[in-house]
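Working notes, beginning with the structure itself.
Order as written gives the chain letters A, B, C and D; numbering starts at 1 within each chain.
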Amino acid sequence: MEFCYELEMKVRDYECDLQGIVNNANYQHYIEHTRHEFLLSTGISFAKLHEEGIDAVVARLEMAFKTPLKSGDSFVSKLAVKKDRFKYIFYQNIYRLPDMKLVIKSEVTTVTVINGTLGECPVFDEIFKPYIKE
Amino acid sequence: MEFCYELEMKVRDYECDLQGIVNNANYQHYIEHTRHEFLLSTGISFAKLHEEGIDAVVARLEMAFKTPLKSGDSFVSKLAVKKDRFKYIFYQNIYRLPDMKLVIKSEVTTVTVINGTLGECPVFDEIFKPYIKE
Amino acid sequence: MEFCYELEMKVRDYECDLQGIVNNANYQHYIEHTRHEFLLSTGISFAKLHEEGIDAVVARLEMAFKTPLKSGDSFVSKLAVKKDRFKYIFYQNIYRLPDMKLVIKSEVTTVTVINGTLGECPVFDEIFKPYIKE
Amino acid sequence: MEFCYELEMKVRDYECDLQGIVNNANYQHYIEHTRHEFLLSTGISFAKLHEEGIDAVVARLEMAFKTPLKSGDSFVSKLAVKKDRFKYIFYQNIYRLPDMKLVIKSEVTTVTVINGTLGECPVFDEIFKPYIKE
């Protein structure tokens, strides 16, 4: 898979649970943050979109958990995007640094809600065009 | 101290960190939730207030951590409120159940921001009147 | 689907994000908490298991987000469990109260790691037997 | 105040609540992460300490909230440390970037629990010596 965006982060201890590893829900936080930073890198703010009545909403999520991250670990979160009719599908993997071991593999399907109605979002279409995988 | 509101809750495992105890930031969540449920019990929704341009904002927080909560613990979160000029001060303690051991003691000072400006909030004055400690 | 366990909860305002709805990662928290409470209802503590070297680990997660929960919403989180060789698959749906509108539908595949090694867990086999859907 | 350590971070959208600003509990996360990264910078891992039976525990916290952070904001979290008998007091301020507006001012009192007993921790004494403010 060819990714079009990547973001480095580091585990914060409060993200670890009593098993001593990053609690699974935090991977959802990591990949959400990665999508929003990807958006920002194209000049679009998720918060501003919301204020304009445009909400990108996750409709479906699949995650496979491969290697747990621990206190002190750094990682890179990578993203690719594909269009499927009016949906955008983000392929988002996280790799531990520096050994690049696969941490999670995920697929996130998003739809656009404009003033409360599901719809096509020309803003996204234009912005994502250079990144879309066919 | 005489409290005017209380709420029972139970530790959720994801709130515990790698020390095996509830991460301190979650006590801030617990007492915020208690304040909002107290508001609701008087007929006021924090979310609706926000939509109407009224934001109750925490200006100052003091917490003393006495006994850590662990996986499986239940607890009761108690609240008293006092007015100090245009501020409301909430005294919020958490006790472990069933032995009523003190978990945290806290003092939360809130102010009201109406359409972006700090000010008195007649809504709160009226609603809190029966609960205010002199 | 016939569920064998259910747990009522209520949205806490800190779980809502800038879109004014429950942030998606919190649904993962809700369903984790539901699984752990289900375990407890059978006499098993997730935290104690961890101390004994037995870790139930999520290997795979699928979630479909249907109706977002908002500030003030109550909901019921329901669970069914199936065995698939050495894996347990939990089917976990969340419904808004009181209208029982479907909030999320999820499938969580867990494996058991005993002292660091993937394996069958006789404890789970015995405990889940009465609940297992064929 | 002269700070001895600082860490730059950026708001993640999931840290914002329905008021559209960073939820207060996250500032506790930010300053905890800053202390742990400060520890790491001196060669000490909070997680490893815990495994060795040494737990740094927050006994008391005071925070004043000055300017809320929003989606897209970057900030720098600064730390100074003072010894007061067997306690360490961390002075931790957060400033918004790039205008260096004060976001929060906090004071965090920590004690050391060694194998379950409150006590002096020679490890910390030695490590913090160069940083301690008299």
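As a convention for this text, a contact is a pair of C-beta atoms (placed from the backbone, for glycine too) under 8 Å apart; a residue touches a chain by one contact, two chains touch by 3 or more.
Not measured: the values here are computed from a predicted model.
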Chains touching chain C and chain D alike, please list them. A, B
With centres defined as the mean of C-alpha atoms, identify the chain lying farthest from chain B. A
B-D or A-B, whichever has more C-beta pairs in contact: B-D
How big is the gap, in whole Å, between where the Cα atoms of chain A centre and where those of chain D centre? 28
Separation of mean Cα positions, chain D and chain B [Å, integer]: 23
Find the geometric centre of each of chain A and chain B from their Cα atoms only, then give the gap between the two centres in Å, rounded to an integer. 33
Multi-partner residues in chain A (2 or more other chains touched) are 13-14, 16, 18, 20, 23, 25, 29, 32, 47, 71
Residues of chain C touching chain B in the complex: 12-14, 16, 20, 29, 32-33, 36, 40, 45-47, 70-72
Touching chain C in the complex: which residues of chain D? 13-14, 16-18, 20, 23, 25, 71
Under the touch definition given earlier, write down the residues of chain C that touch chain A in their complex. 18-19, 23-26, 28-29, 32, 47, 50, 55, 57-65, 68
